[in-house]
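Structures follow.
Consider the two complexes below, in which subunit A is the common component and subunit B and subunit C are the respective partners.
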Partner chain A sequence: MAMSANLLAVPVAAPLLTAALILLFARWGGRTLIRHQIALTTLALCINLVVAVLLFRAAAGQGQRFVLQLGDWSAPFGITVYGDGLSTTLLLLTALVALAVYPFAVATIDYHRARMGFHPLYLFLLMGVNGAFLAGDLFNLYVFFEVLLMASFVLLTIGAQPAQTNSGIRYVVLNLLASTVFLVAAGIAYGTLGTLNFAQIAERLPLASPAVRTVFAGLLLVGFGSKAAIFPLFFWLPASYHTPPPAVTALFGGLLTKVGVYTLFRSFTLFFPELLLSWQPTLLTIAGATMLVGALGALAQPGIRRVLSFHIISHVGFMLMGLAVALSGNSLAVGFGLGAAIIYLCHHMIIKTALIMAGGAVELYMGSDRLASIGGLVSRQPLLAFLFFMAAISLAGVPPFSGFVSKLSLLQITLDTRHWVVAGVSVFASLLTMMNMMRLWRESFWGDYSRPSRIPSRILQSRARQQLMLTPVALLVLLSLALGILGEPAFRLSMQVAQQALDRQAYIEAVSPSSQVSALQIHSHTFEVETVSTTRP
Partner chain B sequence: MTSLLLAVAVGSLFASGTYLIMRRGQIKLILGLALLSHGVNLLLFGSGRLTEGRPPIFLDKTGYAETIELNLPADPLPQALILTAIVISFGITAFVIVLVNRRHTVTQTDYVHGEFVPLLREGDPFDFSESTEIDQHDWLAYEVDEVYDNDELLTGSPSFPPSEQDESTAMEEDQYKWP
Partner chain C sequence: MPELYLRFLNRILTPVLLLLSLYLLLRGHNLPGGGFIAGLMAAAAFQLQILSRGHDRVRRTIGPYLNSGIGLGLAIAICSGIVGLLDGFFFKGVWFSLNLPLLGYLKIGTPVIFDLGVFLVVVSVATSYLLGLSRVSDAAALLRRDTDSPVPPDSPASVLWDANVETGPGADS
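Right after this comes the complex of A and B.
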């Protein structure tokens, strides 16, 4: 079934229009209105999910490439929206995560924060993330990065509690610096290659001087890497993720760093595949350090959400490791590493969101997430304890779950390419993850029941709220289980996606950027331009 | 010559922006971010090549193909990029200023002058200077105060800051209806 490329507009347009509609009436912040906001937001999230499923089936399942040239302006002159297997996989996961976190958010976000515009901001964040996955040129990628950053700034600091504002400043400044570096990269690309379109950059970059390529790749690595929280650039993440309401942390943990990871995947496979080989030692070192620092840092943290946010960093290291070995592989197929990284990404987005939500539920029940002062929740909340345990062992990589499949395939490619050190580091980091997860579970669920806070939790009073909180966690854990049991077809699919992403020529042909003025289709009575090149000498 | 000037300007903007960001003061932080964004804008401006004295449109349509060397238009794209970047950095700078101001208010610290200037107005909903028992779980603070009152639907904003209410009645039932 051939799908129209116009569908690519929906993941951006649906959240944007719904949020705009909500904002129109946001002045009267009554409770009925907030219920309408919730209904509208749910509707937008469902539409987004349906469209993402349709796109994913066509692009990842059948290898289709969607290209939407906005306003029918051909490639380098207009705005190109591009969706292939990799982008639609991420679109689908984003839609799933956003829809899963939303009931949790509805149950836990208080009225004041809802009045301050939590629901439209949620949609704006979704719009920015979707747009970043679909962008077909550097500048629109920058714009969507800023959209999602702006929404995340406000979501992070919504309520303006002291800890939130403190962490907000770090988050804002470090992310702005990353955006600045990325914009410099865009400027350099335009100055040297004369284009911002991905396909045209990929076309022209091999002709550029090595110095340009190195500077461009380095700037992109720093810019995207600090969004993805790789080793020396991750400091914004553990400084901020534990301060907002848990729903926001779950959304951020599921989506934000993955945008950075996606852009790294996209830029390195499309622009400089040769650097994946020549920079491999550097990338692997960064990946190993990221894994190790994340896991070791988590070990030293006193609270549930702090531990979990350090683990996000550790897992980004695993994905980067998959990217670094994407083009090598002795007995395995080329692209095996990227396929493994993609399935790891899926596993991570699903289970990390579930785990942060479960941790947030613990925090809500206890009034605190400080491990030293809580304990014994298993007797009061056996279901939550069960779900937390399942999510934790999935994260650590225990067999029936998706964590096992993804970690095994990553380890396999690393051993196959004889990177013994980084393979050892990844096994060690997995062991540390296991240890950390057991520590979290033991400290919060076992032992004597102790609940330090005097703050009464209203969530405990409502069965509806509890169901809204725990159902998405259960569904995500089930999804992770399904991904683990159906490991083989899932891996075959992600290999297809990886092969498609590595096929640069097909990307360029699909977008088919034109360097001719005639592409502008200027029809005038006085002149007819046919073959005048606009590329600067 | 002009491009050298541009390069020096971009470089010094980046250098001073970086320097200011690394200072302790929060105002310097804001200024540093602003300078950095100006530096990037100028860099984008330079990326389109400096074309002097030519408009960004085709001058002579009739004989365009023959006289392209003479009529090469200035590149209009960097200006569009800069305009977008300026708008974005303007919005973000405004947000950072508000954030720094709020932080200054709620944490009551100011690294710049070393003295606290009270900025809170009477009845500011963000005034948490009195609440001492909220340790690091600040985000729970609103929850305590929540008054679920269905009668004030659409009649206006609830009392803000929320009025004091007995905890026991607040916990009795959840009047929040789900869609």
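Right after this comes the complex of A and C.
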């Protein structure tokens, strides 16, 4: 048990150690060095995937909860690393997305950017995301948020084009504001509850005054919500996602907002499940507005990546809708909504990454992603056109792809709980998604072939690089197809994960935070610590 | 060229700062101190070097090793956590007793190794910030010198300049 809990350290330690080694030798060598960096990074990504699969099988498949108390210090005093079905599902998807985007990045990132540390930054970002999924207390969650924010900021501005710097500043300012709100929430938790440990907060929050609970929940909703890009707080996303190299956008689109979604899932189910019922109208309104704004905003966008980044927002709305109805259900089981949201999350991470990569490939071939100036690529790149089409209809929710299963289950729960308006909005948003995807496909692949505005860079003319770009897209589309065809077992698994996430008591027992100082078992030379209760009167 | 007193202070203060940072690093296990503060103090020593000898020279001597320093520090810190697996838990403190020939027994634990890693990271990161900032401030100084430079009194530029001054600040747009 102890050894297997130590596996939880790997998703953080392996990328960090590899990045450290890369930095250590970054001084010596030229192109050969980059080749070694790529080999090392691939190795780390593979190790990460293997460990994520092992953890996922034990946690989501068998319902195990992994708890690692770093350095054997017991819960509220040491650092708790926690992995259950929800965290390990996200770990697994993150590992998949990171490994899938990497070949695309290797094929498209130029030597100059690689010399500026693209590969170690990729690993730092992965480490930050993994750490946020595994954090068992608010402070470490904050730290990993900052790690991933810093890594993503550098990745966003790497190469220092003026547009990149411009969007990078907006991105970092708005995200730092969100982090500040989150930090204030952590401060309030520590000031009123005397703890930052998730399990202990969950234990003590019902005893706190309603005002504290409301403020804490509100601040977390604002902080995490703006990381997740929910309705009024999404501005940083469309302002920044279209400027970096396409590989970076694919990675961001697959991973970043999902950290916010995960923290919303985690905090609402663990800290204040009762608010899922009393705040349900608010949450559903936000969810509906997010879906609608994302889909409508996408209609007005002129470029592929801009359209796709607005769709990320729209999809976050679907996930929030699933969370909002997590505890309701007339004929369906409690937790059905959360299960549907989790499977939607899986679908979204897989297919969004594939679609952004395919869109990025179009952009690289045509030298521009403005829909007005591209077209007719179907004759030159039939495989890319096919993959883009498959990914697009999966995103729009056409069977037999994963989009259908996940949208259907979300619709089922909203209809079951009689939230007619939000159900209607979600159908309308799906329709708009379909329209948008068809628009993207038609504009970029149909029609007369328009000459690229820039000569496609030399790297794209190599066959090996083309394969590196398209193989991961094909594999992700296949994965989405598999998730759609194996919808029932996948859904059963995600229901289990949702039930596990909703079981607060088991979380608290698994971590078993102690409120006694004696739990520290300090045997100092000079004094014996008396048993002092740290619970506040 | 920097002031004489700065060069003089540098000779005295740099070794003191470096020794003090080493002291802070080692006492950090039980008392206030530790890798982070020690790293900042060592970076202050490097900043003194930058001020007194110019950033170009410092960049030439230690600049190339800064990234490697960050990497080495991170690797050491993580490895000290991995050593804890010997005792069953990641990051569990493990102590070894070394029998050194002249000094007698030395008890060394993973926390101090972790601190050493933190120290290296902080020194390298802070020094590379300082080097970067000194380049920026150098550029700013150059810019200022250009605009402040006295214009020869007979040149057309000086006439323009005077005209702007006379018509007030609103006219120089």
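Methods note: the second predicted complex is superposed on the first by the 518 of 537 C-alpha atoms of A that agree within 3 Å, B and C clash if a C-alpha of one lies under 4 Å from a C-alpha of the other, contacts with A are read in each partner's own complex, and residues count from 1 in each chain.
Quick note on the criterion: a contact is a pair of C-beta atoms (placed from the backbone, for glycine too) under 8 Å apart; a residue touches a chain by one contact, two chains touch by 3 or more.
The structure displayed is predicted, hence computed values, not measured ones.
By the touch criterion defined above, A:498 lies against neither subunit B nor subunit C after alignment on the C-alpha atoms of chain A.
Within the superposed three-chain model, A:422 lies out of touch with both subunit B and subunit C [touch as defined at top].
Contacts of A:338 after superposition on the shared chain: neither subunit B nor subunit C is touched.
Applying the stated contact rule after C-alpha superposition, one finds that A:72 touches subunit C and leaves subunit B untouched. In the superposed pair of complexes, A:275 makes contact with neither subunit B nor subunit C.
Of the two partner chains placed by the overlay, neither subunit B nor subunit C lies in contact with A:479.
A simple residue count on subunit A separates subunit B from subunit C, and the partner touching more is B. By the touch criterion defined above, A:153 reaches subunit B but does not reach subunit C. Against subunit A, in their complex, subunit C makes its touches with residues 64-65, 67-68, 70-75, 78-79, 81-82, 84-85, 87-93. On subunit B, the positions that touch subunit A within their shared complex are 21, 26, 29, 33, 36-37, 40, 43-44, 46-49, 61-62, 64-65, 68, 75, 77-78, 81, 84-85, 88, 91-92, 95-96, 99-100, 102-103, 106-107, 125-126, 128, 133-146, 148, 150, 152-158, 160, 162, 167, 170-174, 176-179. Subunit A meets subunit B in the complex at residues 28-33, 35-36, 38-39, 42, 106, 110-113, 115, 139, 142-143, 146, 149-150, 153-154, 157, 159-166, 168-169, 172-173, 176-177, 180, 183-184, 186-188, 190-191, 242-245, 303, 363, 367-370, 453-458, 461-462, 464-465, 468, 524, 526-527, 529, 532, 536.
Of all the residues in subunit A, the ones that touch subunit C in their complex are 2-3, 6, 9, 13, 16-17, 19-27, 68-72, 79.
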